[in-house]
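Chain IDs A, B, C and D follow the sequence of writing; residue 1 opens each chain.
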Amino acid sequence: MRAFQDTATHAASELHVLARRSELGVARKYAEDVAAAFGLDSDGRYEFVYAVNEAVTNAIRHGASDEEDMIHMSIAADAERLTFCVRDRGTFVMPEVDADESSPGGRGLALMASLVDEVDLHIDPGGTTVRLTKLRAASPSVLETAQAQAG
Amino acid sequence: MRAFQDTATHAASELHVLARRSELGVARKYAEDVAAAFGLDSDGRYEFVYAVNEAVTNAIRHGASDEEDMIHMSIAADAERLTFCVRDRGTFVMPEVDADESSPGGRGLALMASLVDEVDLHIDPGGTTVRLTKLRAASPSVLETAQAQAG
Amino acid sequence: MRTFYIGDDVQLEHMGPDVAILVVGGEVDFEVSPQLKARLMRAIKAGNRRLILDLTDVTFIDSTAIGVLAGTVEKLDELGGGSLSVVSNHEKVVQIFEITGLDNMVTIHASRDEALAAATVTR
Amino acid sequence: MRTFYIGDDVQLEHMGPDVAILVVGGEVDFEVSPQLKARLMRAIKAGNRRLILDLTDVTFIDSTAIGVLAGTVEKLDELGGGSLSVVSNHEKVVQIFEITGLDNMVTIHASRDEALAAATVTR
């Protein structure tokens, strides 16, 4: 279900998957390929893939109403920016008040924000769209800063 | 500190306040005036003001580093859409793991999404920007749906 | 601009030693929700377990205050039980309770009398 | 595509009755975090209070799994005490623990031996 309009630069490509946990590995592989083609270094690729995985997880976990729903991924890239777009057709929901279940959440968005240069979350009646952007000449990410401090 | 470029339609106006809780009432009054000038009905105004208050609260509570920081509000409107923009210059943060403090949060974004037609959250190294949009011919909001079901 | 007030706690001796009524009015935003939290925690520390929060004059309650109410219910649970009832017949306030799911954690009464009657029955 | 595995729990009798080692490997995402949670809860139900989660072979751990670990620490607290230690020397995994603040809730050890030594001292 991939459609690379331009395989050399991945300037525009799409991937549509069913809203199933088993597709998360597929989404990560897609993000990894795209990031490599764009030329991100190993740290940058890890961060990009991590952020994408969080956005796709949210779409599957919170956005989709069942496993037959589709999650839409697409890429936009130019010389400076690589943007990964994750879209679902669901309603943005309240966080669960997991009384004694107690797996406190709410870390996904902040993780995305730490790991890529720009996060854009758009909610409208048609669904939720997250855009994650890595700049080629990026300011040092949280991971790199942590590394520099440790080293 | 208000600058109405067009007082008739509020097509473009701005308000800049210090990041203090005491400014929340000021922000709500501003949003109420803008919504009334745009012509939202009483339900629509309440919802708009509520969503704005949540966004400004987040900017003060999570975005600003101290009470001398500024929160920037601006309006854009055309015939169909009224958009309220709230901007801070802070870093998007992890939710607090309030061990025994236990005031579980995380409801702000979902409330905004329930009360206006579009929410856009943009995070970049310069800060966090939230845009809240009410359409003139809006689909029924959650509040209106609840009312219809109750009545 | 103060857009809210916090009234004195009301202790109703005839209702038993663990019932307290707290009164707040106006717009309960992030300027006032920390005070609301302190007040609720103080009532619990003083031994009250059946709390009635009278929001009759509240026209606006933000998500930080909703969080305080949810946290209060959790606190009472931790301490082995108790209840928080809320008094409001403000359409919008009640709808915010519904959107956030708080109506599953607290009982909402239309009047203080109704809340007191329910507290008596529970006794 | 299974990108992870969950090993058998290891019970170390000589360490005392309440120490258990759980082993997970690969990419711990939302496909596996519910299983991780079930495994941790089962270990706690069986009476274990000093849990060592060996993530030596984990290269990726998502926010849902971080939530499971945070929830496990809270659960142990509720039950009156205990500890969760994590074994990892994967640079990225450790950095994710730091970004999320999980490193304030669990002790991170570079090797299983180090974790076991710490558990012995704690004893």
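The criterion applied here is as follows: contacts are C-beta pairs under 8 Å (C-beta built on N, C-alpha and C of every residue); 3 or more make two chains touch, one makes a residue touch a chain.
The shown structure was predicted, so the numbers you read here are calculated from the model rather than taken from an experiment.
In terms of the stated touch criterion, the partners common to chain A and chain C are B, listed by label. Minimum number of contact steps separating chain B from chain D: 1.
A straight line joining the Cα centres of chain A and chain D is 26 Å long.
Chain centres here are Cα averages; for chain C and chain D they lie 39 Å apart.
Shown for chain B are the residues that touch two or more other chains, namely 94, 97, 104-105, 107.
Multi-chain contact residues of chain D, defined as those touching 2 or more other chains: 70, 99-100. Contacts between chains form some other arrangement here, matching none of path, ring, star or all-to-all.
Contacting chain pairs (ordered by label): A-B, A-C, A-D, B-C, B-D.
Across the interface of their complex, chain D is touched by residues 21-22, 24-26, 28, 46, 50, 53-54, 57, 60-61, 101-105, 107-108, 111, 114, 142-143, 146-147 of chain A. Chain D contributes residues 1, 3, 27, 29-31, 37, 60, 62-64, 66-68, 70-71, 74-75, 91-92, 95-96, 98-100 to its touches with chain A in the complex.
Residue ranges on chain A touching chain C, taken from their complex, read 94, 97.
On chain D, the positions that touch chain B within their shared complex are 70, 99-101, 105.
In the complex of the two chains, the chain B residues touching chain A come out as 91-95, 97, 104-107, 109-110, 113, 117-125, 139.
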